[in-house]
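Let me begin by handing over the structure; questions about it come next.
Should a chain be cited, it is by its letter among A, B and C, assigned in written order, with residues numbered from 1 in that chain.
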């Protein structure tokens, strides 16, 4: 694959990358899932991470979000190097993620799922809980108000008191996103936010993601559906066999190289089968 | 020096008992992916089956009693799995439910043994033993037989895993159950056979433990269980060969420390090694890293 | 006081004491998902330290033990609880960060056995197999209590302590701390991705639970005046698990119910039955079998326990409800977006966000 070279379209890339990684390598029992992936995620834009199955997309997201460590390589959030930081520290820098298979906190209600998200809660400290209950209560009420607003926006309001385990697949997808949003992220990594949901919902989720961009959130999303990529993403990163194959606008990628077009064809095949 | 070689002899005997039990525990762990906390009671129950055959009915020779009693335990293990453990494991996807159930099964078995056989110390009926000098080691004939049984069983397990279709299926299942199922392996049958083997090995190790220690109570298995845990963790949980190596290491370490420090703290030596292993190399000393 | 009252107050004492113990294990296991199979070890440390602190210097007695400071009642009890916390920190640092559930359970049960072994064999620590005895009865001198009047008195003291500890625990479990614990229990990877320091939170949960264990243990030695290794065989941990699972994981009132059903009715009441001639201990053995079976039956037929965990409703936070036209049933696929919900209020079945 290396003879393909990296397709350069740096002209569209802004100076300030919200998230950047260099030469990420990760092997599982000798098999390289990620093998030198390197890219930048421009600030305030929606970037798609595409590539065939087994390209290492989810592994890259796992490494970027700290859910997994990498064998070598470097990762930066803004100017801060965060290579192999544990995920809670990365989260505290404003990077939130969702999971490919929804991972709801099943024993908690939908509302409580969101209430877990805010950082720096006074009520997470034993001292405050025992001796400053009014502070805790006041902050808690603020969080509840905001959580209900978020649920309202995402159409989950009337499910607020249901246990998260009782939700349907599509509802869980929305819960994943709204929970991450509740944490007021600066960067949001979405791992196939539209996989396995009906077309109407795909459109709605696309709308939500555009809303997030308008609010200044940087989004990196793994997506198979090239129509969606075309409609909402500003920038595309193509991953293959654990390497960054090309970056740029989808239209550029389509026109610029014969080989890449053939490669994108494969992706389209994969997405229609999905 | 004599004390040292004497304790090495004891250590090898303990290692033999440990190896049998640790392999039995690991086989089952590899397939079902949860630890059986009732394993110590399986050992004691198997030993009591042998005891009954040896002392109360039939009055069999101890080695015959061992074989039949242990097979009995194997069958019982299959029943426990079918009737209790496997339904719970299927119903709850969180490991801790089934762990608590095995813990509960342990309590039930222990107290059933107590109500049947009481708390008195029991002894197997053994022919008069002889002491033999082997190099610098000083071992009795029974101890040698126990070691021979252990070596034969280890070789047998090794041959089974490497050469038979059953062994290959077991290894495939232990690597990835879903994949094994989709590639046409009858996982239910393999699970049943594994529980039978695990129960049988528990019975054998429980009985030889009674023989080498010279006594048997319902609690013998439970106290020994923790030494097995040490061997299994030191060797790397789920790794059969790791369990064998861990058994030798823990067996020697406990007996040598018993001779030179204080026999009362035999268990604690095993625990110290366990903790050191966890701190230095949590996946186990003999396991491939990254499979913890 | 007649014998029957002695029994009744003993039962009441153990009801309250196991309520405290169950709350401690519940915050670890029920709320945070830490399978602490060494729980009874923390109880024992609380008991030994509480006892040894209230006993006089061991030089003048027939017993061997450390500490021996002759401290008065609530002080020694609090320090006993803190001693269990110190032990929890050591255990957590060794194990919590690096072990998955079943490893952790194996290591902890081993730890419980080693602790038992050390306390049983190493006489200078807590008098070995004989354990501590002749522990001074709290307030007995000041209030001129006799052996008979001490028992109801101390059962009442324990009840008051249990009440306070229940109020504190309710506040903890209802606060964001408790919610974060439950998030870790349900999925620690998600909790970490949301910025929660899972180890730190688990450590916190271990500390709170261990304090409860230590206090519960301290009260036992103060009540009975003695404590020895036969009182805390590693299987005792299982009784506390049974209390929680029978009563209801994650519900503090359920724990009191569980304590009544398991500890009072199953563990202690049969202990007062006359022994069957020729079969010493048979009742106890059968009792343990019944507890084991009961636990499995409960886990199968009613895993949420007698009194299940309560759902924390939005309305309970005291915020204004929003006015939405989404009074309809929850559709199978997806709730309609708010605007759509208002439009389709008449026919909510057609949700799905066209």
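Just a few scattered comments:
The definition used in the following text is that a residue touches a chain if its C-beta (ideal position, glycine included) is under 8 Å from a C-beta of that chain, and two chains touch if they have at least 3 such contacts.
Please read these numbers as outputs of a predicted model, since none were measured by experiment.
Of all chain pairs, the one joined by the greatest number of contacting C-beta pairs is A-C. Distance from chain A peaks, on a Cα-centroid basis, for B. Chain B and chain C have centres, each the mean of its CA atoms, that are 32 Å apart.
The distance from the centre of chain A to the centre of chain C, each centre being the mean of the chain's C-alpha atoms, comes to 40 Å.
Once the centre of each chain is set as its mean CA position, chain A and chain B turn out to be 47 Å apart.
Of all residues in chain B, none touches 2 or more other chains.
Multi-chain contact residues of chain A (touching two or more other chains): none found. Multi-chain contact residues, meaning those touching two or more other chains, do not occur anywhere in chain C. Residues 65-67, 86-88, 91-92, 96-97, 99, 103-109, 111-112, 115-117, 119, 121-126, 129-130, 133, 136, 140-141, 144-145, 148, 152-153, 155-163, 168, 170-171, 174, 179-180, 183, 197-198, 200-201, 204 of chain A are the ones touching chain C in the complex. The part of chain C that touches chain A in the complex is made up of residues 168, 171-172, 175-177, 179-180, 182-183, 185-187, 189-198, 201, 204, 208, 250, 309, 311-314, 317-319, 322, 324, 326-327, 330, 332-338, 340-341, 352-354. Note for the complex: chain C touches chain B at residues 29, 33, 35, 37, 94-95, 98-103, 105-107, 109-111, 113-114, 117-118, 121, 234-235, 238, 241-242, 245, 279, 281-282, 284-289, 291-293, 295-296, 299-300, 303.
Listing the residues of chain B that touch chain C in their complex gives 34-35, 37, 84, 87-88, 91-92, 94-97, 99-101, 103-108, 110-112, 114-115, 118-119, 222-223, 226, 229-230, 232-233, 237, 264-265, 267-268, 271, 274-275, 278-279, 282, 292.
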